[in-house]
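Read through the structure below, which is laid out as structure tokens, and then see the notes.
Just so it is clear, A, B, C, D, E and F label the chains in written order, and each chain counts residues from 1 on its own.
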């Protein structure tokens, strides 16, 4: 197996996509935060009075998608056309699911933009809750869906 | 429970740390990548000939720590003094552990810098392997250790 | 009235422009600085000997236009093709008008790029003059002209 | 009158503040948006259902304060310790006042950080409302208060 | 002779390229580091055990190419499609040649991206070796090749 | 010889400077551009009418110094206190010398900030002149002076 981010001599490159035809690309990536149930309850119930934790995290995720070329060394700068971030809160289990969708008409996929958006949103929730809940864990950071480009549709089953 | 990143009216703020005395701060945060075992083997065996995946990811993580104030909306810009990233590879299980250490003499902690460094390093491994292994999952993104500041030492047990 | 930067549930999004056809977009935005007349005179007369305040501000405005996606959370990253900034100095009234023109072939307008360019140029004039003139006011930050896209030409009358 | 951002030959410099002693610095700067009254009403009444325009603008302003050294060419990179942004809405007049407070223990003042925070917050409100209200004007961008450093307290009267 | 980055009045502008047709652009630029021969030997022989100096520099150069619009005030933001950096080490002479290739389908050339990539890679080698070799010199920073656009192919002979 | 930007296993790190005492640091670095003599004459004679090439380059260099932590992967983020850039033009030889001075009270030196400032200023001159003078070469990028820190004063003789 070889990695296409390295040339034949093993040197890192930004892969040449100049000969590829732009197509519409969509990627959906997710992350899950596990917090103390009371932290999740405070986030939900306090939205109005105490501060909108998920609103802040959503904006951070959208801005994070735009910063992907700065963060991922071999990624291409892409002109993304759409970013949306949704949260799914389970107060009983103490989990917050993050789902980020990114779309662009480009020569290469937007998986990294979606992965970065989901991760930065999750890290931002962590930042705002870490004062009272240091044990928070982020897991299940993964690609859920991908469309556009030669490799066709990818849809995660689990 | 309330969140200190919001004022009494629930408005987001960058918390005022101007009255705090700077102290030496250390934070250690981690992440775990689960890949196909053959992907991990290619990363390990191909380091020289095919490209140094972990070397690229390490640099991305170090650079990522410096970008924390850009990514996390309510975080303070900090002059970090040290970043190191270590990987622990388990070829049999198909996992790569990432551990990031950050240190600074500051008025507030460097947890977010360590969390961001670990996450960006893990996302960069994902980026380089996603061509052949779309099922990669990042999990266990969490704080392992924290020192300095009023709340004293935090050491995760699990 | 609803805002198109939020979805049906009121969540902030980067609006999906992927289905829009790129067209040539132009936007012109302005700002007005009101300073002490003697500050304006120093800017004009001192250009050569004491430093080119407006030259510095012009560059800051052009660079500012490129930073728009970093500053405005829900804006799209755009590949702008042209930025020009003109100043209109009225020594008697003690005012400096800033007018920024931005052009791009894109799926969405460049109003924010022009508004940001004009504003950053004005803030930079403020920065260089604040040592001796703390009372400076920036006003009339507004869109003057817009062309391209479905909504057609907008031309401000006042 | 001369400008301290230029040397004796009129060349732009980042002024040498290395010999100054750090002191606690505070700056308060403001901006005023004038919109159609119905736009202001939608912002206020729709906060929950249609999207939190001012919440987005507040975060943009806080992040904008951190980007000041990138935007203002001759400004010093400062480690700011606090940013808060308040809005004062007058539905009858159709105005939204923005007031930004910044604090840092530094060798030079934080006026530009406060001015930038107020301006970026105002531009972000503009961005979200421009679809239905192209005539919005931002005015009264000015310093209201400044404390710390040799020049002492500045308090604007008007 | 006049400079096209200034308008007829001598004001700096981002040149309007909106009427140009995008074409495939390639640029190759280089730089040469002259170090102590023993420093070069340490870089070559120590690659595995002591750290991969050129691997770090290569990544810095690729990331640097993406930062060109941030660094060069009047440059256009470009969506680059390919960056590769090669090193040519001469242990006897104590030199390391850097050669950067950049490609993009754009309205304007990618010379500045290639020049920036080569330079940032060379500066990064300097950074890692300056502890023991303060006399390092970077020279021969120049364009070697350029293709695409109206002016046709440029090929440097020396 | 070993490199202090790598740990004992050869892994890249941001060196730990947390135990070092901050001292006043100064660094002076230079670069030399060699252009066609007529290009240099146009730069000098056209300053007023055709555009201030060196004024633009000076600002780019100052801004470039602030971007050093973004460009040089293992560098520390530093709060620089002073940047100045001087040009020495030799019309007969067709050369422009760039000299950048940076100062900060920090735990580590500011050589990279000075080297980056000089280089970015030189690249910016190149950018503005490349339309008519593709053969421009940047050379002699080197450290001229360094003060502060344990290693004492470094003064280049050649």
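Just so it is clear, a residue touches a chain if its C-beta (ideal position, glycine included) is under 8 Å from a C-beta of that chain, and two chains touch if they have at least 3 such contacts.
Source: prediction; values computed, not measured.
Under the contact definition stated at the top, the chains bordering both subunit B and subunit F are D, E. Taking D-F and A-B together, the pair of chains sharing more C-beta contacts is A-B. At the interface between subunit C and subunit D, two copies of one sequence, more than half of the residue numbers in use appear on both sides, so the contact is built from largely the same positions.
For B-F, the equivalent interface among the listed pairs A-B, C-E or C-D is C-E, as over half of the contact pairs agree by residue number. Centroid distances from subunit A, each centroid being the mean of CA atoms, peak for F.
Distance between chain centres (mean CA atoms), subunit C to subunit F: 30 Å. Taking each chain's centre as the average of its CA atoms, subunit E and subunit F sit 15 Å apart. Residues of subunit B in contact with two or more other chains: 11-12, 48, 52, 55-56, 59, 63, 70, 73-74, 78-79.
The touch graph of these protein chains has some other shape, matching none of line, ring, star or complete. Applying the touch definition to all chain combinations yields A-B, A-C, A-D, A-E, B-D, B-E, B-F, C-D, C-E, C-F, D-F, E-F. Partner subunit F is touched in their complex by these residues of subunit C: 48, 52, 55-56, 59, 63.
Chain contact summary for the complex, subunit E toward subunit C: residues 7, 11-18, 69-70, 73-74, 76-79, 107. Only residues 24, 55, 58-59, 62-63, 65-66, 78-86, 103-105 of subunit F touch subunit D when the two sit together in their complex. Of all residues in subunit C, only 1-6, 10-12, 38-39, 42, 46, 48-53, 56, 59-60, 63-64, 67, 70-75, 111-112, 115-116, 119-120, 122-124, 126-132, 134-143, 146, 154, 156 touch subunit D in the complex they form.
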